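Letters are used for the chains, namely A, B, C and D, taken in the order the chains are written, and counting of residues starts over at 1 for each.
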Amino acid sequence: MHPAEALFDALLLLSMVVLAWQGVHARNMFRAVVSFMMFGLLTAVAWVRLEAPDIALAEAALGAGLTGALLLATLGRLKPERRGARLQRAAKLSMLPWLALGLAGTMTLLAVTLALPAPGLGERVLSAMPEAGVDSPVTAVLLNFRAWDTLLEIAVMLLAVIAIWSLGQDVLASTSRLPAPSLPALVRLLFPLLVLSTFYLLWRGGHGPGGAFPAGALLAAGLVLALLAGARVPERMTGAPLRCALAAGLLAFIIIAVGVMAEGGVFFAYPPRHAPMLIAIVEIAAGLSIGVMLTALFLGGEPTDTQGGST
Amino acid sequence: MSLPPGTLFLLASALLFAIGAHGLVTCRHLLRKVLALNVAMTGVFLLLVTLGRSGTTVDPVPHAMVLTGIVVALSTTAVALGLIVRLERRRP
Amino acid sequence: MSTIAGAILIVLGLLFFLSGTLGLLRFPDVFTRLHALSKADTLALGLVCAGLALHADDGTLQLKLLLIWLLVIVSGATCSSLIARAALAHGIRPWQR
Amino acid sequence: MVLPPTAMLVVTLLTLPLATATLLFASGRQPRTLTLAAALLSTCAALALGLNVHLEGVSVHAIGGWEAPLGIHWQVTVPGAVMLLATAMVGLAGAVYGAGYFVHRPGPEGRMARVFMPLWLFAWGGLNALFVAADLFNLYVALEVLTLASVALVALSARRTALQAAMRYLLAALFGSVIYLLGVALLYGQYGILDLDGLTSKLDPKHPGSRAGAVALTIGLLTKAAIFPLHFWLPGAHGRAEPPVSALLSGLVVAAAFYLLLRLWFGPLAGLLTFGVGTLFGAIGAGALLWGGVLALMQRRLKMMVAYSTVSQFGFAMLVFPLALAADREPVVTGGTLLLANHALAKAALFLAAGSLVRASGSDRIDRLVGFTGSSRWAWIAVILAAAALIGVPPTLGFSAKWLLLQVAVAEGAWWWLGAMLGGTLLTFAYLGRLLERALLAPAPAPHPPKLKIALLLPALLLALLACVMGLWAFDVETFARLEPGP
């Protein structure tokens, strides 16, 4: 490794650690949240350094972008006096024993992880790629070899939406008092671009970094931006249409997983002839559904019919 | 330098995990606890991917696991944040 | 030839980044800081992108670099204006000597 | 009789609850017939699966046809099938109970009824996925499905106390998840595989990764299973949730995490189960028995008492580990599994009956409960039967389980653990006896005999009856019930 690269890595990781500490222990909550968002952004860079472009895309969009938006929206929904809540610790323990314990744990963990041989499954995945139906190894693992994980994961996401909606109606964040004409203008410019890149990433997922998760995240970014610019869920979209869009990804996944049993009798065994098409269908349905689900998470509750207005 | 490859990343992942676990235990504010959890999660994700790189080929399985993990973490974070908002609204 | 020109552009861009950051750290209030940051960083990113474009021998790559710069200009301008408005809404008055 | 193939049944068990829940959510309506039909169908599939396992033994299914290290396996083991059956029984009972308990009405009052069924089915599907999974990472995702569904169910009433309990539970569960995932990462770094069978054959106790991984997995699961001293989140979450939710959480969700502990420590991690580790687990178990039992004895509120009883009962289950140091692990594993199944049925029955009693009495205080009058009689009968199963009166399932473990303890001369088991049983007897004595001998005056819907009585009664009757069958079953890692 080139010394400059090592230096870059060291700086990157050091800032990540410092920001992570800030994100947990900063003096007021706003600072903590902003530090955490920067931490997410740097994590995305770290993924690039680890040759994991798929994760970098997802992290930038989800970990830094949407989580940040969610956190800021949460801060906006808290009572003002709680937003600036100062750092409180569980007890007035001195920091020293905790630090010692943390350091010892860190060192033990490091020692163990350094000793790991890490054989991995890379070779096996490579040898199975010809039958995978897609060219990108990560997409092959996600949507073919370990598709059951991904199905359950989409179930987790839908469940999160149901869980949040089950708590009650949406709580809107207090909006800015000054009108900001530049934001809607920006959204009008960016929204089509984001939708376009969503489909680009979906298409690209078959053979390169991309796929359903980054694509869904981009779509969600577009929709959340529109919401921030003052757009509201159109009235005819609330209720059944929105719920169907949310459920579509998981349902499509289940239908295809069970449907292919007609041919081979094995759950999730795509018939080789149709594998690319089926995976593409799953990918598109999952990507769009993820986009809508992420937006629904941001809404913080079921949109009411009475808001009026439209995009 | 004679460090084995990935040492820095492993060190960072261990530190992040420790910061997250420590913050989860010691902080009072619920939002901080949620942030700490996410930091610890990132530490584990870094560990997974760094380990997946040590072989001759890049191992895509940890990549897929981390992608899944990021989405799961986001979903659970969103639920936690939703609960926090409702709790604050019902604060007497 | 073009590599040297590219390197010069990149270094120039980094200098502008540095000055923008200095402004962020040293200027007295949020409006002046925003001013320093948005102006200097936009130019700096443009220089870096131009430098990198000179290094790239691929037309699509150059186009992507241009796109990155344009997107950052648009979003940077909007963000600055939003932050400034939020600051005004919070009752922060511009700094006067 | 021709049964559908096991693979078909597994697919039904996993996808039917998830698909039904998703459809219910998408439609925004809760047709009671559809939900109950789905619940009934899942139960039938679980029964058929149990019969299949009984006839054909353990089976392995590669999802998508991808073999183990690359793909994910489902593995239907005997303990897994027992837990699937228990899940089906509790799932069906809870669905019926929930249909009667929550008010079905449009508008805000009907919110709980609308949300309950999809979440319930998601939890059911998550449990099923967990009991057939044979892959460390797949288990993580299944655990998260279960966690989110459970948290949402705890928060169902949206009262402040319920929200607080849900938040605590969520944080504890996520803490467990992070540590569990760390363990997965360490084991993957050491061996490069995730499937349990492959790990069982490859795992070497001397490797640093296997030890650190085992520690991390165990701490994560102990937190999720609320084993003392990591039980802090349980009483609030279980005591403050709505009755059917408490039944599911106490009976199954906690048991699922504990089942995983069993699965791991008698599967891949078996080589690490040394005397020291077993003794540590046993000590934790004894501590939990005592702590949970004493606190249950001190509770004044019915549901909190039942919740602390769960802490205590899982201490009992922890005693399985020191007993497993014996040469023959089979009866121990069988005993542990039966203990979990017994607890699932009896505790669910207890919580459901408690919910009915609280509704009839209008109070959660033990000294204000209605006595043995009117239709609350049936609830009290369910409580008595469930108490008998929890204590382990012959011929209940609890008796079979405890008897098996006692036999091992006697054969091994493990007098300490024997003492702990007897002490725990005595404590169980004490707090349940106190409840019965308080309520039956000195009942609160009820102005008019309470009338409860049959949906609030029958599920609890049947579950409790099942826990009692299954003991007779279990003596036959134990000859074949063993935890096998598969062919």
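One rule holds for everything that comes next: a contact is a pair of C-beta atoms (placed from the backbone, for glycine too) under 8 Å apart; a residue touches a chain by one contact, two chains touch by 3 or more.
Please read these numbers as outputs of a predicted model, since none were measured by experiment.
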{"item": "By number of C-beta contact pairs, the top two chains", "value": "A-B"}
{"item": "For subunit A paired with subunit B, centre-to-centre distance based on mean C-alpha positions, whole Å", "value": "13"}
{"item": "Inter-centroid spacing, subunit C versus subunit A (mean Cα positions, whole Å)", "value": "27"}
{"item": "Subunit C-subunit D separation of Cα centroids, rounded to whole Å", "value": "57"}
{"item": "Euclidean distance of C-alpha centroids - subunit B vs subunit C, Å", "value": "31"}
{"item": "For subunit D, residues that touch 2 or more chains besides their own", "value": "137, 141, 144, 148, 151-152, 155, 158, 163, 186, 189, 192"}
{"item": "Touching two or more other chains - residue numbers and ranges from subunit C", "value": "none"}
{"item": "Of all residues in subunit A, the ones touching two or more other chains", "value": "109, 113, 116-121, 125, 146, 149, 153, 156, 159-160, 163, 167-168"}
{"item": "Chain-to-chain touches, reported pairwise for every pair that qualifies", "value": "A-B, A-C, A-D, B-D"}
{"item": "Touching residues (chain side subunit D, partner subunit B) in the complex", "value": "137, 141, 144, 147-148, 151-152, 155, 158, 160, 163-164, 166-167, 170-171, 174-175, 177-179, 181-182, 185-186, 188-189, 192, 194"}
{"item": "Residues of subunit D that touch subunit A when the two form their complex", "value": "7, 10-11, 15, 18-19, 22-23, 25-28, 61-66, 69-72, 111, 115, 118-119, 122, 125-126, 129, 137-138, 141-142, 144-145, 148-149, 151-152, 155-156, 158, 163, 186, 189-193, 208-209, 212"}
{"item": "Contact set on subunit A toward subunit D in their complex", "value": "108-109, 111-113, 115-121, 124-125, 128, 144-149, 152-153, 155-156, 158-160, 162-163, 165-168, 239-240, 243-244, 246-247, 250-251, 254, 257-258, 261, 264-270"}
{"item": "Residues of subunit C touching subunit A in the complex", "value": "74-75, 77-78, 81-82, 85-86, 88-89"}
{"item": "In the complex with subunit D, residue positions of subunit B that touch it", "value": "17, 20-21, 24, 30, 33-34, 37, 40-41, 44, 47-48, 51, 59, 61-62, 65, 68-69, 72, 75-76, 79-80, 83-84, 86-87, 90, 92"}
